[in-house]
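Consider the two complexes below, in which chain A is the common component and chain B and chain C are the respective partners.
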Partner chain A sequence: MATSLSESGLREDGRRPHEVRRVECKLCVFPHADGSAEFRLGATHVIATVFGPRQASTKAARVNEDGATITCRVQSCEFSQSDHRQANKFRRRDRLLGDLIAQTFQCAVMTNLYAKSSIDICIEILTNDGDINSAAINAACLALINAGICMKDYVVACSAGFIAKSTRSLKQTNKTGAKTDHIMFSGLQGIVDLNQQEKNLSKHSSYSSTNISEGNESGLEMCNGIVTVAMMPNSGEIVTLEMQSVLPLSQMEKLLSFAKKGINSIHTQMAAAVKKHSFMLLERKGFIGS
Partner chain B sequence: MQQKFVFPGDILVTADKDKDCKEGHGTYMDTIIQKNKVSTVVKSSVCGVTEATDKKMTVNVKHWKNRGYVIPKEGDTVLLKVTSIDMTSCKGEIIALCQSGKDLVLNATSIDKNHKMYGMIKKLNVRELDTDSVEIWKCFRPNDIVKAQIISLFHNYYHLTTAKEYLGVVMANSVFGHKMQPISWNSMQCPITKTIESRKVAKI
Partner chain C sequence: MESVLSINDRHFILKALQKGYRLDGRGLEDARDVKYTFGLNPGSVEVQLGGTRVFAKVSQMLVQPQIGKSNQGIVVFRTLVPPHLKMSKEVVDRITQIIERGFVESKAIDLETLCVLFGEQVWHLRVDISVIQDKGNLVDCANLAALAALKHHRRPDVTVVGSKITVHSISEKLPLPLNIHHLPISVSLGHIVTPEKDDNNNNDNDMDNNSTKPRKEQGGDGGEEEEEEEEHVTKSGEKKGHAKFQKKMFTLIDPSLKEELLLDGKSVFTMTKFEQLCAVHKIGGVPLASRDLVQLCYTYVLPLVNQWHVQLENEFKKQQFDNPRKRKELLLGRIVDPIQLFDPLIFKATSKAIASSSSTTTSSGHVLENKEKPQNTTVVDRDGDAHVTDNNGNADMLLDIDIANDDDANTDTLWKQWIEEEETRFQQILPAYTDQHEDQKDMQTDPQPSSSKLTLISEFS
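So, the complex of A and B:
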């Protein structure tokens, strides 16, 4: 079994536990859309476009006097994953992610300003190297800011999870003579921004949890959950919280604090990208002296 | 207050007991807890540059796209540019909008190049009386500018009416391309060729 965290406390790809991958944001990549953004998180590559607020296409949305309807469509490219699946336009996972994003921004966007109209978010997943949920949310947030749509705050998402600190399999011989695998591990380490490999590892360790010797702390064997948290970083409000597995309540708070750290570091980089882009525009339009 | 560059969620003004603050464009009110004290603040909701404030502490944040977001409602007056007519109705694009009790909003944002809004005047709604004998081609022609009022929103078209004295054609070109002048409630004259064409003219 591969070690998930090295002896020196570094992860497989050389990051520290609370370190996120390299963030790269670009605004206004599609001039024909009202707002667009490109978001890279390590190898994960997502493009988001926003159309609207425009006249809604469905009647239910068009008569909605209270606010705008946000729709989200997610498409992942065939080549985005390691397993090349057949092209299926309505993949279940994509639809679920679309619903998640639409719900997230329904409470972040000030929809009461745009009655009877719809805001359409389109997300294209070009490369999936884990954590696409949060990458898609971050990309959508940047695209909405680029479109000039009123939002309460940034919405920044990040994932967090637990992996075993150091695992070693020891071949031991029982009294009966049969060889059994014993996995030694010294506790769990919370990490942020899981890549695909770590995600798989985290899943894998959940299967092996039955093998883990009983001598360790009880409850720990359940701690291999991954959560994706979307948060408004300025006010600290949690907008979306998605869990991919069962997690004891005592560990939840720990994981959230880890995710918060990741969110803060992503937020600063997103804000810097928005600032850079805005200053470029302002300079071009002559609001500030060159 | 000097100009400042702000992001969504940034705090612009904190309201005190003696100071009153109001939200302007691109901002919203929120309550935050700071040092165990609940205070009302004005936060920015778009990213842009803050604008000059008045005594009431109104803050506007100007986004470079600067879109006004006007959504037509029932009873609003609009200007319709007629694009097509047929036996029963006249269709066109809404080019301007005047919300009841407000100034005329030209180039309202939802009326931008990408997202046009369309209006339709049905035969029954052209004038108040004698609706059966209305002939659309005698009331509107393509390229006329018509002042109309919104009745309702139907499918992709806003239903409009001109069944009022002050509603109808406000600007029209004659077949020779000259701007015509109204001479009665149902006719307009070309000032150069002196030809008379029939229109449903608005009383201004």
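So, the complex of A and C:
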């Protein structure tokens, strides 16, 4: 099995284990929508638009007196992945992602303020280089903020996982481990913000079944868990959590703490972008003298 | 489900929950009973979880492998929901996704053993999970059904010579079980956060208690309780400003349909017995701290996973042994394909027809070559009991036989293999099934209408 950690403890694309890819956010990219945002996470590129709160189109939403109904539609471009696929091949994944985003924001948006109305989120996946679920959630969050919809907190998502290290890189990081505080145990390295390559790597990695059934420490070495966590960064509470692959329960909390680090660094950049955008608006209206 | 819970029901269920009761009389941490009904065909199972019923069936075919996975078989899950349940596509897809993640992405099924010829032919298993009735917690039920079906399934044996693939019918070689590494069992937890009304209720309760104060003051215990209550009141008084954010969370295991409508959040954990998480789905709902999430796994999920795991294993043991008589009949039949394997009714009706068709199926598959190496000798005596003796002459297993007229080389090999397997199995699990064994002995003493004396000589190929 190939390992994606180099001997110096760097990942294939040159990042350190706890480093997220370059985050670029832009608010108000489509003026005709109530809110819109563009979110780039490395090569992953997602555009989100928000329409609403507006009168609901479905009867169920119009009757809902308790709060707003949030819907989400996700579309993938045919050229979004390295293997060119027809758009309808993505349909099931997109439907599930849309459902996930809608449910995530249902509890983050203060829906009780918008009774009998609907908030529609539209997400376009332009490029998928791994971790689209988190990128889509982040983009939707920015678009909702741009639309001026009340939310309890930011909802920021990030993925995290473990990759196995070869023995060679294990030795190396053992030496450097004292200097830089890379968290490591049993030859596994927690990484944050997995790109497509790393995701595939842990998907296709194999482990021996005997290790799993014994449930011992050596079983750890080969198995990987991938989590996608959406969190409210200020309260540190998890809104949405998805996990794939196999992970010992005892490692779950560690993995979540890795994810939290990634979320915090993405959150600061998102907050900065929002701040920058609002200062720009203030400046334009003449509240801030130039 | 699109149905709505009435306000009265909502209040009633919530109040009951606060006192630790649920509508169907369970405690908060109890799951409903699981009942397995194994179908007559291999790989078909109906699972009942309370009123929820799911039927799962595994079917297979040989296909070309996927690009880039030329040494792996394919396992596909389909969830079929009848239209009257009015489930949205998302919900159905989510169930499929949870099951898929539990089995395929956690590599519970060994896909590499499903490869027949590298890059050319692999087994394509399709697990159809059809929902019959939804009375809450469909995910767990569907997952258990898929698990039991895959465990129950047998695929035909295959011989590869060069690039020629021969698929053996059941009369030639025994079908093989799937290689399952671990049993991923999903447990869904419902979370209910009592709203600020809860505080009012508490206050009401306190008020009630205050009114009953004089009675309680008589006992020393009552006094202590009061102190505690007073503390509680002061606490809630302090936090009154944040009454909205003061919440008490209930966690329900295995929520029923009415409870599902009431839930503020749901999380599904797929775990194995060995504390390995295979999949987690917590989508939206109540925000939880990461420590609480892990704690939920330890306190609620793990015990139930263990319980269901043990039950499933027992169920399979029972399933193998609960009806030895039925199996014996089958052993003697001309069993041609897997459909007839576990179905005595079909067998009885079509035994003649199958007997005539057995020769054709044999010719299509691997042709058995008769070698002069008799290994096991089976003799059927007047009582209709079959005595099996192997070369060493030590094994002697009794089986009763109702109908046995012909001898056929295929049946003999089949019979011999079954008997060998069963001998080992019986020895392993004999103590647990002594009662059944006694029944069997009783049955043997009954005079059976024996048809004819039969001597079967099995050959080893």
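One rule holds for everything that comes next: the second predicted complex is superposed on the first by the 251 of 290 C-alpha atoms of A that agree within 3 Å, B and C clash if a C-alpha of one lies under 4 Å from a C-alpha of the other, contacts with A are read in each partner's own complex, and residues count from 1 in each chain.
We take it that a residue touches a chain if its C-beta (ideal position, glycine included) is under 8 Å from a C-beta of that chain, and two chains touch if they have at least 3 such contacts.
Everything quoted here is computed from the prediction, not taken from an experiment.
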{"item": "Touched partner set for A:260, first chain B, second chain C, both or neither", "value": "second"}
{"item": "Of chain B and chain C, the chain that contacts the larger number of chain A residues", "value": "C"}
{"item": "Which of chain B and chain C A:232 touches, first, second, both or neither", "value": "both"}
{"item": "Partner chain(s) touched by A:148 [first = chain B, second = chain C, both, neither]", "value": "first"}
{"item": "Chain B versus chain C as contact partner of A:12, first or second or both or neither", "value": "neither"}
{"item": "Touching both chain C and chain B, counted on chain A across the two superposed complexes", "value": "232, 235"}
{"item": "Residues of chain A defined as touching chain B within the complex", "value": "34, 52-55, 59, 62-63, 110, 113-117, 145, 147-154, 232-235, 271, 274-275, 278-279, 281-282, 285, 287"}
{"item": "Of chain B, residues touching chain A in the complex", "value": "5, 7-11, 26, 28, 30, 32, 43, 45-49, 63-67, 69, 71, 110, 114-115, 117, 153, 155-156"}
{"item": "Residue ranges of chain C in contact with chain A within the complex", "value": "2, 89-90, 93-94, 97, 101, 105-107, 110, 181-182, 265, 267, 271-272, 274-291, 293-294, 297-298, 302"}
{"item": "Parts of chain A lying in touch with chain C, wherever the complex brings them together", "value": "60, 92, 95-96, 98-100, 102-107, 203, 206-207, 209, 212-215, 223, 225, 227, 232, 235-250, 252-253, 256-257, 260"}
